[in-house]
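Going by the order they are written in, the chains are A, B and C; count residues from 1 in each one.
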């Protein structure tokens, strides 16, 4: 089989129902390309893992999908629209440890933020919004911590709260930035359960992660990135030693059956 | 007892000073909460320096009546420049601020020293003239308070989101630079409004200490703001009472503006003691 | 959300408190005619006009003096006590000639409803040597150093006192006559003392141009001042220093005088360079203010006499 597995056959006309289409996209900062010729797509109800070393462009790709950085070649279509137009139905989950734990805000208030765009500028979130937020929090198993200050929760619990906030947005596309970093097993389970529930409701999910096991567990497809795209397709086809070695380059060290040990794993912070 | 606590405010100039401080309590108490969560303390300090040339130019151009518009212009320009500078990643926040601060303050000093007797005006600018607050100044402060509280009240939830999680705010489609500009402008307005009465050196105290005090006592943003407002109001009242009695009864000169700020800091120190008295329940937040 | 409700509640409370505090004017509005026996409430700005006011008013006035000795009158900041006194006063005496730039704001702040007396009325103002536009507007404010001006000033003060407290007019007139006589005597004494100095030695180098009127009156020669403007906070450039040293050497003056309200170090530095005597500290001249109580210059008459004696001693010896 080809070393560079291309994705499933993609017609040039966008079929109804593709949640996210990245069409030979190139993103450049000041002339140097951060991403080159990435071609992939996500269908509703599908989960795609973004896999690659640090600095590979995973965060850049997510920013491009959110419309925060422009595409210099190719195109990105989100729910049939340009990225900036689709934001209402797209939810982003950052890494919990980028947020200040001393910030004076409660868990419930964080989750309620997910309703802001629906509420609009001059109004306050109403009873319906609060109900949706409470349900979202329950979905990640933290309803009992609603009144606590966000920073008093553990890292894994905080990540779950951020996912709850995204769930409260009722998104059709969900983007998660390294959600499993430093997360305990219990929280990991809770995250996976909640993501699975969203999938069942037809949301498309993109998860950038270092954790290949979880990628196998939770995702249908994977996209291997290191500035270029080294593979895109069903997980089992793409997460192979050969492709991983190609993606991680000199950072990939050891082969153990179908596992690859990477020399420089998990440095969590993104710029 | 009544004479000690109420009598100081019978002369109109004392009544006006108190009214000004109560307005500033509302204004600074709320704004300092946002300064706290956005860590804008140094920005606020920078602005107290950069309004200086505006004050001087305004004074040279239009006498005492030109000070307010001059300061407003300088403060607005600073807010815009700061927002632009910190957006471009070439210069770090602190460097940009320090350069701006030094440049504009230097310009102000050069301008003002071309007059022969400038020390009185400079003193007034740095330390304020709390006892010389005019009805016009009161009206100006009230107008600024109204505008700023309205803006921040309407944008409170977006501002809090931006402060807490700027990435997600941007992802949701909020224009982070616009929110920053509006908050910077609000801080600038507070600097302008308060500088005339308590002086620029003390304005920073008003923008930082109230919310810091509130933060010691609560985890909830609304409570922090409320504590901030009450702290400034209380300190204003106490400071005026003390400086009045010191002067009238004991012949001691205690600058009113400075006494108010000392009272404010005293409240902060008291708040510091609270966790020692009872354990702060850290997860009782509604 | 709670923030908004709190903001509204606080606003209402603040307004209410502010209005309540502002509303009560009772302390300062009443200005009844002076009852027989009550002293005239007077506020005087500078040490000199306060001294004049006390001399003219005697025990029929209660004088509150704003500026204390050795404080620079340009920078004065009123205290609550001052403002209260001003609010209650019937007559306010100021030096005028732009010396009290802060006074108008202070007067309106305090709610003063009496008469303001400009003691410089009728005095011929000389232009100063300073080159700043600000001072050129008003002229040299140190009018009191010529005793003939002082006579005019106390006349103006007496007129105002008599208008405000007619019952005591006779007393005020009497005090005026006494004091004017003393001023005449002072004038004659100074002229005599200076007259004893050889004409070539009557040269004055002092800290700043405070003595213009004195110099004009007694025909001294002004070589230069060490701070070349009327403002005590102006700084000297290197060129200024060289100019003055050159002038001093050229003029052959024997002594450099330092003012009591300014640090003597500047004067000493120039005197060293020019090789002349420095008169500073205890023997210093009183330029801007009278001296503190107990000092050699704590009244106007004493001050002028002291200044003259100091000058004559330094230049003559």
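Just so we're on the same page, a residue touches a chain if its C-beta (ideal position, glycine included) is under 8 Å from a C-beta of that chain, and two chains touch if they have at least 3 such contacts.
Values in this document were obtained by computation on a predicted structure and should not be read as measured data.
Asks: What are the mutual neighbours of chain B and chain C in this structure?
Replies: Intersection of chain B and chain C contact lists gives nothing.
Asks: Given the contact rule stated at the top, which pair of chains has the most C-beta pairs in contact?
Replies: Greatest number of C-beta pairs in contact occurs for B-C.
Asks: Go ahead and note the Å separation of the Cα centroids belonging to chain B and chain C.
Replies: Chain B and chain C have C-alpha centres separated by 37 Å.
Asks: Using mean CA coordinates as chain centres, what's the chain A-chain C distance in Å?
Replies: Measuring from centre to centre gives 77 Å for this pair.
Asks: Taking each chain's centre as the mean position of its Cα atoms, how many Å separate chain A from chain B?
Replies: Computed value for the inter-centroid distance: 42 Å.
Asks: Quick check: what residues of chain B touch more than one other chain, meaning two or more?
Replies: In chain B, residues 157, 221 touch at least two other chains, as defined above.
Asks: So which stretches of chain A touch two or more other chains?
Replies: As it turns out, chain A has residues touching two or more other chains at 124.
Asks: Which residue numbers or ranges of chain C touch two or more of the other chains?
Replies: 1
Asks: Which chain B residues qualify as touching chain A in the complex?
Replies: Going through chain B, the ones touching chain A are 37, 154-155, 157-158, 160-161, 163-165, 167-168, 170-173, 215, 218-221, 224, 282-286.
Asks: Under the touch definition given earlier, write down the residues of chain C that touch chain B in their complex.
Replies: Listed in rising order, the residues are 1-4, 6-7, 10-11, 14-15, 17-19, 21-28, 74-84, 87, 101-102, 105-106, 108-111, 130, 132, 134-135, 229-231, 233-234.
Asks: State the interface residues of chain B toward chain C in the complex, per the touch definition above.
Replies: 8-16, 18-19, 22-23, 25-26, 29-30, 64, 115-120, 123, 129, 131-134, 145, 149, 153, 156-157, 221-222, 225-226, 229-230, 233, 243-244, 247-248, 251, 253, 255-256
Asks: Once bound in the complex, which stretches of chain A touch chain B?
Replies: Against chain B, chain A makes touches at 66, 68, 84, 87-88, 90-92, 94, 98-100, 103-106, 108, 110, 113, 116-117, 121-122, 124-125, 145, 147-149, 152, 165, 175.
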